[in-house]
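Lettered A, B, C and D in written order, each chain numbered from 1.
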């Protein structure tokens, strides 16, 4: 389970650290691996204090050097980051940049999670060799209407297309996932994990929201 | 054989029409299908006067409507265009935009040729279902050093990766192709055609340059 | 009065030519200068057949050469274009690109109309030396609610800020302008012209819509 | 004096902190205000340990919320940042985005330094109301050839154009500034400070390089 902090105020600065500690507890209590996809600016502050892996939400394909304002894979690694999202629908990348970023992440020992908006794009992403692909129809992001319920065929098509070419890449399912049933059905459709955001970050009780999702994953696995 | 006019002055306005007429002759004389990938602004002017297909160099994924300054697939079709290049290394597109543009081209009966900078990206492009994929290492574009000579493994890797997944997509080879030997070796490495630009457009004798390439393709095929 | 065709189907291909002929008539009947800001692909087809100036909706700052898929100022000029919009809110440009594009337009004898979303940006645009600045709050574009009615202070602030620095640049007012009163109030607020789109292009009777706006401008001037 | 760390390995992670401590010493020894423009990921780590202001190299105009992978002004503030560069030639922004980012920086009590590539763009930037404008001809960045020596007219034109409209904005001079003479001539041409990068960051002895520049500023002021 990857929790995308986005740039929500509830998941910024000291509150980003608080939320990460909660996710750390959830991982310890449930055994489900939980990842905090935090803002770049908070990675160092969080990674010092928790055991769960902290991911960036984005890295740039540029190497280290004269690239003012960019985020290098090496800097994420050095700050304690262990992976990165790429090509989130809110932060789309060029096709060549996705490939370069995956390669740079691999060279820096960062895990790469490429987001895709539909089954065809998911298959294209898988061809680029990332560690994980997360399929997220953008029209459902933040709605509370889970893709696994509203558009299960997007998930099953994605699984079918990717598995026809590769057995290794981990497939995640995102967009609108809020409660235990959403998480269960995501796994039942053939994915190996979930990508959530507002369902946890903006929940009245984030601890409980994350626990419910993790417990559903334990039961379904 | 696709000839990319880019925005070279030699292939703009009335000279774009002259060049297209030359390419029309080459197609008639050699039997090799030649495509003029002209500037958007010249498509209408050319398509009225030649029999060879005229392609755009780029379309935008936006539908028709309130999209000031964009190029819609429908407008290209209506002006007489028959296809489009997409994601040229000089005009890279987002991953999702490539997929959307291929889909829009198909819906408008435009052929789509997606350009890719290496074998992995070529395979990702093929997964998106275009009519053709053109592999072009950007560092060789415009150099006169042909990819088929300098980096044959990029071409053979591309062919192998794409053919493992699809038999249908046409594979083109570009970057640095200038003379008959470059064209022959491109086909010998397993591609079905070539994408050329300055080698024809800026040649002292474009008719002869294009004829030489087409004849080499006839001999090798 | 500049009429922005956007990529509306009603203003594409042969219908773009029809609309331009209507605007040509309106100019002849009212004496108000009317500009057709057409799609790039239609500029040549239109410019041959009408007397009113045809503008592009966008040009790229790149010079002529190895720039696949871009639109050069020279090609617009050669196709019969007489000017260009720049930085429309639907096609925003980088700050440096705005300056480069204005410079390239001037060097090619194309008139430049830079669009700006508020008064501060309008003043910044004016500092770059274009022929015209068009202020258009993007939240009103296409609404039918005219900026001159809904946000007159944006227009008066723009006029005040620009005139404090320059007397030469022509100031246009856009966004939501639909009827005669909108056009009159735009001029009364201190602008020298209007930028309209759906109010004419998608009107049931475009001839009448354009005539009404032009007549109001005659009366107010 | 602003020192731009870019994404140089010498100014990343723990080495970014080391360099910031050096700059802190230089400020204390010379009395010249020194700013560390660090990578986003290092701001928190640095700001805890030094007295000099730490700036971001870039912020995004997006507000806090569902904006995966972006950098909000609020997060920079909360991590201890005190300002930000904007529109560096290596990280150009849209014209409207520059204006929005300046406004968001102001609302969050971050100082804004807008970079401009020539005098006209500098004047446009000044019209947007930032705290500082830094003029940096991109062709000189990283060359060791100082703009104040190679293109003094760019600097004097910038000062003249900006001062004609505003007395308040601070004008900085960047690009190629390496030694004491470069710093002196920058101030003599009418600017109030300098923006340096490789001249300090990649110097054999960064302490000495920064001290030399600061001392020259003391002598010239």
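General observations
The rule we apply is simple: a contact is a pair of C-beta atoms (placed from the backbone, for glycine too) under 8 Å apart; a residue touches a chain by one contact, two chains touch by 3 or more.
The structure displayed is predicted, hence computed values, not measured ones.
Shared contact partners of chain A and chain D: not a single chain qualifies. Most remote from chain A, judged by the distance between CA-atom centroids, is C.
Averaged Cα coordinates give chain A a centre that lies 36 Å from the centre of chain B. Chain B and chain D have Cα centroids lying 43 Å from one another.
Across the assembly, chain C contributes residues 89 that each touch 2 or more other chains. In terms of which chains touch, the assembly is arranged as a closed ring, every chain touching its two neighbours and no others. Inter-chain contacts occur between A-B, A-D, B-C, C-D. Taken together, the chain A residues at the contact with chain D in this complex read 4, 6-9, 12-14, 39-45, 56-58, 62, 64-72, 74-76, 78-79, 85, 88-91, 141-142, 197-198. Looking at the complex, you find that chain D touches chain C at residues 87, 89, 92-99, 116-118, 120-121, 123-129, 161, 165.
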